[in-house]
Amino acid sequence: MDFAPDARTEELRTALLDFLDTRIAPAGPVFDEQLAALDDPWAWSSVPVLDELRAEARDRGLWNLFLPGETGGERYGAGLTNLQYAPLAEVTGRMGRLAPAALNCAAPDTGNMEVLAMFGTPEQKDRWLRPLLDGRIRSAFAMTEPDVASSDATNVSTSIRREGDEYVVSGRKWWITGAMNPQCEVFVVMGKTDPSADRHRQHSMILVPRDAEGVEVVRPMEVFGYDDRDHGGHAELAFHDVRVPASALVGEEGAGFAIAQARLGPGRIHHCMRAIGVAEKALEMMCTRASERVAFGRTLSEQGVVRDWIAESRVRIEQLRLLVLKAAWLMDTVGNKGAHTEIQAIKIATPATVEWILDKAIQVHGAGGISQDFDLAAAWAGNRTLRFADGPDEVHKNALAKAELRRQAR
Amino acid sequence: MDFAPDARTEELRTALLDFLDTRIAPAGPVFDEQLAALDDPWAWSSVPVLDELRAEARDRGLWNLFLPGETGGERYGAGLTNLQYAPLAEVTGRMGRLAPAALNCAAPDTGNMEVLAMFGTPEQKDRWLRPLLDGRIRSAFAMTEPDVASSDATNVSTSIRREGDEYVVSGRKWWITGAMNPQCEVFVVMGKTDPSADRHRQHSMILVPRDAEGVEVVRPMEVFGYDDRDHGGHAELAFHDVRVPASALVGEEGAGFAIAQARLGPGRIHHCMRAIGVAEKALEMMCTRASERVAFGRTLSEQGVVRDWIAESRVRIEQLRLLVLKAAWLMDTVGNKGAHTEIQAIKIATPATVEWILDKAIQVHGAGGISQDFDLAAAWAGNRTLRFADGPDEVHKNALAKAELRRQAR
Amino acid sequence: MDFAPDARTEELRTALLDFLDTRIAPAGPVFDEQLAALDDPWAWSSVPVLDELRAEARDRGLWNLFLPGETGGERYGAGLTNLQYAPLAEVTGRMGRLAPAALNCAAPDTGNMEVLAMFGTPEQKDRWLRPLLDGRIRSAFAMTEPDVASSDATNVSTSIRREGDEYVVSGRKWWITGAMNPQCEVFVVMGKTDPSADRHRQHSMILVPRDAEGVEVVRPMEVFGYDDRDHGGHAELAFHDVRVPASALVGEEGAGFAIAQARLGPGRIHHCMRAIGVAEKALEMMCTRASERVAFGRTLSEQGVVRDWIAESRVRIEQLRLLVLKAAWLMDTVGNKGAHTEIQAIKIATPATVEWILDKAIQVHGAGGISQDFDLAAAWAGNRTLRFADGPDEVHKNALAKAELRRQAR
Amino acid sequence: MDFAPDARTEELRTALLDFLDTRIAPAGPVFDEQLAALDDPWAWSSVPVLDELRAEARDRGLWNLFLPGETGGERYGAGLTNLQYAPLAEVTGRMGRLAPAALNCAAPDTGNMEVLAMFGTPEQKDRWLRPLLDGRIRSAFAMTEPDVASSDATNVSTSIRREGDEYVVSGRKWWITGAMNPQCEVFVVMGKTDPSADRHRQHSMILVPRDAEGVEVVRPMEVFGYDDRDHGGHAELAFHDVRVPASALVGEEGAGFAIAQARLGPGRIHHCMRAIGVAEKALEMMCTRASERVAFGRTLSEQGVVRDWIAESRVRIEQLRLLVLKAAWLMDTVGNKGAHTEIQAIKIATPATVEWILDKAIQVHGAGGISQDFDLAAAWAGNRTLRFADGPDEVHKNALAKAELRRQAR
């Protein structure tokens, strides 16, 4: 057992921090201004300052860090293990909104690239993976549906039916992150190809171009009052008998559930580590503000209750980070399956812990904390979504408890 | 001791519920549409459907219910006690955004009308109170400032200095609710007239017309992502040497702190009862959704954890309502001072309790719960502000504990 | 609605406080000494100082206050309503262990006297109720069984079968409070007379003298490390074909469940009010200790976290007391059934709230708080039992939620 | 970074589990019986079955595992690092009361042996360390005092004054664990040798034989009703001008605080790991009971709320264990000082987490859970003491927050 990160991780982390401090952080206000000046308010990924950051990230070797080295015999990314990438993901979460996109490490593109790298045909890789790896286009992952509980992937009811050389996609999706962006050119859509098959063989994944006939972007969804246009929003989509060639299928018919599962593990590590980055940033802001703000003749940092929050925040972050890192290590050493309990555990622990810390950071900032003047309220809202994304906490707790009961009964 | 409401309260409550169900609730979508069609997005109080509701509320005798019968020898409102009005305030909170305005019982106008009724000169009553009572204009209360901890009214630093027959107002305010609305014609501004006086005699209240020279509406503040334009937003204001006649002073010089305190008590009862109305509505929505939504073969209402939330919500609401009603009763029987501990206690208990219930209602609604499709996320954000409004929870707890320690030491 | 107690309640409360301060409190150490000197360590009710207190309580008119005025046409007690008695019960809880016994208001005798007053035959009243009212004997209530979930009274499996002029009682009970005391002369035993009847008509109540043949006192149960010998302990009992005359049945065959329910309501009010008394006492001790104890150069009462505890304790107690008083008022005005939700709510809210306050009071007392030097640890352990007594919290929450769901669906 | 334990740890853990399962667990009831039969109820360490276990532990190479290999140039123990010993300490906590003593790894002897190994003179090692290492005698650590806040070691007020060739010890101590045991032959006493020295140089440690003249064992302290006689109880002690030779001083005059600090680190790791063992055992019992107990037609393990508890327990244990292991690793790699924050963090996190889990395990066991029939209530009481032992949580949180504020300000 050894808790020290390896040299490569340390080196990349240093490089990343430098890039973030000197280039990405100052770009924030420029990005906001340029975004506000766009004709299409959703076209966030064409903002000039972001292109500059991306170019520089490539030059610095900080591009596509999330992708493991060898997938399907080819090398796409930096070749880091999950355990090596995890601390880098934390840093990108900590430094705010632009970092993931600047490094081409932003969800949902990361997951989609993984899917295409692992399961894509050469043609699919050529058409979609390559431009995604280059950061020329964006993508979305269309799974969640308004009318069924998203906690169970097997509920997904959008139909994908074969007709000759084509598949016909019909159904309704919502909360499709990134899909409001006109430069989001392709949707990875999950739907049912065979309702009569075994429960975990009914679904397939298919690639649907955003400009295919019958694709309707119904409306943007709001998260609390935010439309999240700075990373493509969250769309409600309707697929009205959308026809795509049979070659658009990812993997084979019936593989949808398995692909969704494979996509899940690394994505969750990333999400959780970014959330820990958010919590670290919030704790830093809490300390700074508490040290500066005076009330009733003392700084807030001298108030016992505020100190209690600071201590609890530190203690909770330390525990949480170790849990996520262990989950990453398990994924590297025993794979998705062996890491199952830990992958569930981090889904349960992370959003709640980070929410608690953000709440306290907001409280220390007073009314400013809920306003547009700090990033805390927006971070809180974003983190709140993680308590349902990929299924509500309660579903994961139930499943983890069942596994624990089985384990104890042995 | 008797826990039954009196006949008048019951009668008005029934009338109110009928009006809300049959007229106000259906007006919601019309209001949203008409608001969206306005030239000035902040001019919420000139939306036609709201005028119709107001006219009907007056006809039905449901107008200005919040105002006690006799203030300064004149009768302005319905003449209800705090204990009688409290259950009505709960109903207006429960039925959403339009009810308070439709009944001319919306903050901050209610508090401002009370101040004018109690402390206004005949001229001030004529010019501002009368149109407010008639619902012809709106008002704002400008106390909170960006650069000082708002938890202590004596921190307020805006200056009001006498020059001949005028007062000159200079300073910066923020979170001035309602002030984005162009029909909000007057601000009740708190500022310092005598920095050398005793701590509680330094401040005064003064009436500043929105169109006075030197008044700048700097920007709208956001609450989480919401701009709250449906009730006038929250403005940052700058007063650049604004001159008003000496007759604009409310009460005498140095009375500002005392007036702020007098304004506080009933306002807090109203806030808390409306928040309880929100919690009741959220519990109702939680039950309805839980009964309808199926996951893993059972309705959510059959899940033990959801039942736990429902039971806890009910138990917490019942306790909280009794506490607020007792505070109202104390205000009626022993006055603001005698009710001091209880007024503090409801400030501490209400936002936290309601936040917990809203969080669970949101969770039961899944991703829909944080979106624009239900009122839950907006209600959550609004309620979150109550944890600092009039000072953060922590300040009130500290003060209540000191009082308890003194009491126990006797 | 009126939150002021009536004159009779106030008058009795004052008399009670005087008696407690001047007579009962000083008797505590004497009682402990005399108890330690007994031959039979369980014979707590024959301690001389307790007899003196009882005699004086009778003289002062503070005897059997718990019993309503008219039961079955006869007058037994003080004739107080539940709402009048509740604040008195709080006082007896607050002043420690001896008060309930000194006033002949101690559980489980109170509930047993109510049952006998309401359902007893003249002969049963003569033999058992009269000496109980006089405080000459003690009694126990034998319902809970080791092998079934006590959360559901219909689970009770002890058999009571008719044989000629006798009933034969067979079964095992545990946690029978008071039953270790040799002066506890009678057990009110719940058992099954007709397993084939409707679910709520299978059980009966029967009176079993402690000295009947076949009654075995198996062992004392411990609550954490306490044996509670100062109020009769908690026994495990075995009934080995114990024969009692048919006239020992309370009410008719099959009425056991209904009698248990009738016994429950007032008992729960008493329990909860005594627990609130405990919480008030704990808060008082917390304030006193915090004001005296110095750490790191300041009294604990100047530490923000301790103040937070004090404030929260006060706010929670105030809410809880109002809820219990309202439940008492409902029992007086609409009866056990109409008060059902509130009776459940106080069962859910009281133990958790009081536990939280006791925990904080203990923490303020440091290591002393968990020791025999203060009553806090023993009070904590006693209160902890309330989270299962009459069924665990979770069962009550589940039932309350079901009722709420039904109510909302209407 | 690597989360796998090394081979030696794995091997010892397997050997330990085998010994515990096959020998120690079955010895429990025998021990209780033999303890009950003793003339002196406190002489727990002379119970025959314990001697047999100790002999066997030595034979199996499971003796003194806690002691690092080289201390002061000599080899006393197994030579394990903190990180290697930590998982073994967890196992000893999990398997109940006898394991630590059977393996000669029980507090406070472990800490005292460390102190003697590090700071003892050859004579002291001969007289006290050797018999302790052999398990022939027991010892106690006398620091805490009744009249001062134990949260700050510099408060300790017992005086140790030099008179010729002797030291005279005067003062009062309480909560001296193990000191009720007549076989506890020596006390390591902390006291003040120079009140005028610098704050951290005023204290010294001295060895006082239990049979020295002037040593009074005042009384046993109780922990929630428990006297903990199965591991020597907790004594209040008075030192009435007790004279010991000057050679009884441990280290030099003024080194008391430094020795106390050195003693603290490993002890805290042990405590926390044993507590995690308790939590694991409690979770196991919770699962087993929940799977067997039926209420309302379903096992408790099918109830959503119980599943929530099981899942939360697992998630919390996993995080906590990693934090403690990391603290152990830091102690091994960067020493006590470098591990300061983590050593504080585990003190804050462990008792609260384990308390929560024990509470839920108790609740699942119903009334049995608080009784002598399961170890849960006793474990709860023991764990509750950890929220003040070595200073209350609040003091540690305050210190950790100050360090965090300093760190963030850099």
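Chains: A, B, C and D, in written order; residue numbering restarts at 1 for each.
Note that in this section a contact is a pair of C-beta atoms (placed from the backbone, for glycine too) under 8 Å apart; a residue touches a chain by one contact, two chains touch by 3 or more.
Predicted model only: the values in this text are computed from it and were never measured.
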Shortest contact path, subunit B to subunit C, counted in steps: 1
Most widely separated chain from subunit C, with each centre as the mean of CA atoms: A
Centroid distance [mean C-alpha coordinates] between subunit C and subunit A, Å: 55
Rounded Å distance between subunit A and subunit D, as computed from the means of their C-alpha atoms: 44
Subunit C and subunit D: spacing of chain centres that average the CA atoms, whole Å: 38
For subunit D, residues that touch 2 or more chains besides their own: 303-308, 394, 397
Complex contacts: residues of subunit A adjacent to subunit C: 303-308
Complex contacts: residues of subunit C adjacent to subunit B: 1-6, 83, 283-284, 287-288, 290-291, 301, 304, 306-308, 310-312, 314-315, 318-320, 322-323, 325-326, 329-330, 333, 341-342, 345, 348-349, 394, 396-398, 400-402, 404-405, 408-409
Touching residues (chain side subunit B, partner subunit A) in the complex: 144, 146, 149-152, 174-175, 221-227, 293-296, 303, 305-306, 363, 366-368, 370-372, 377-378, 380-381, 384-385, 387-389, 392-395, 397
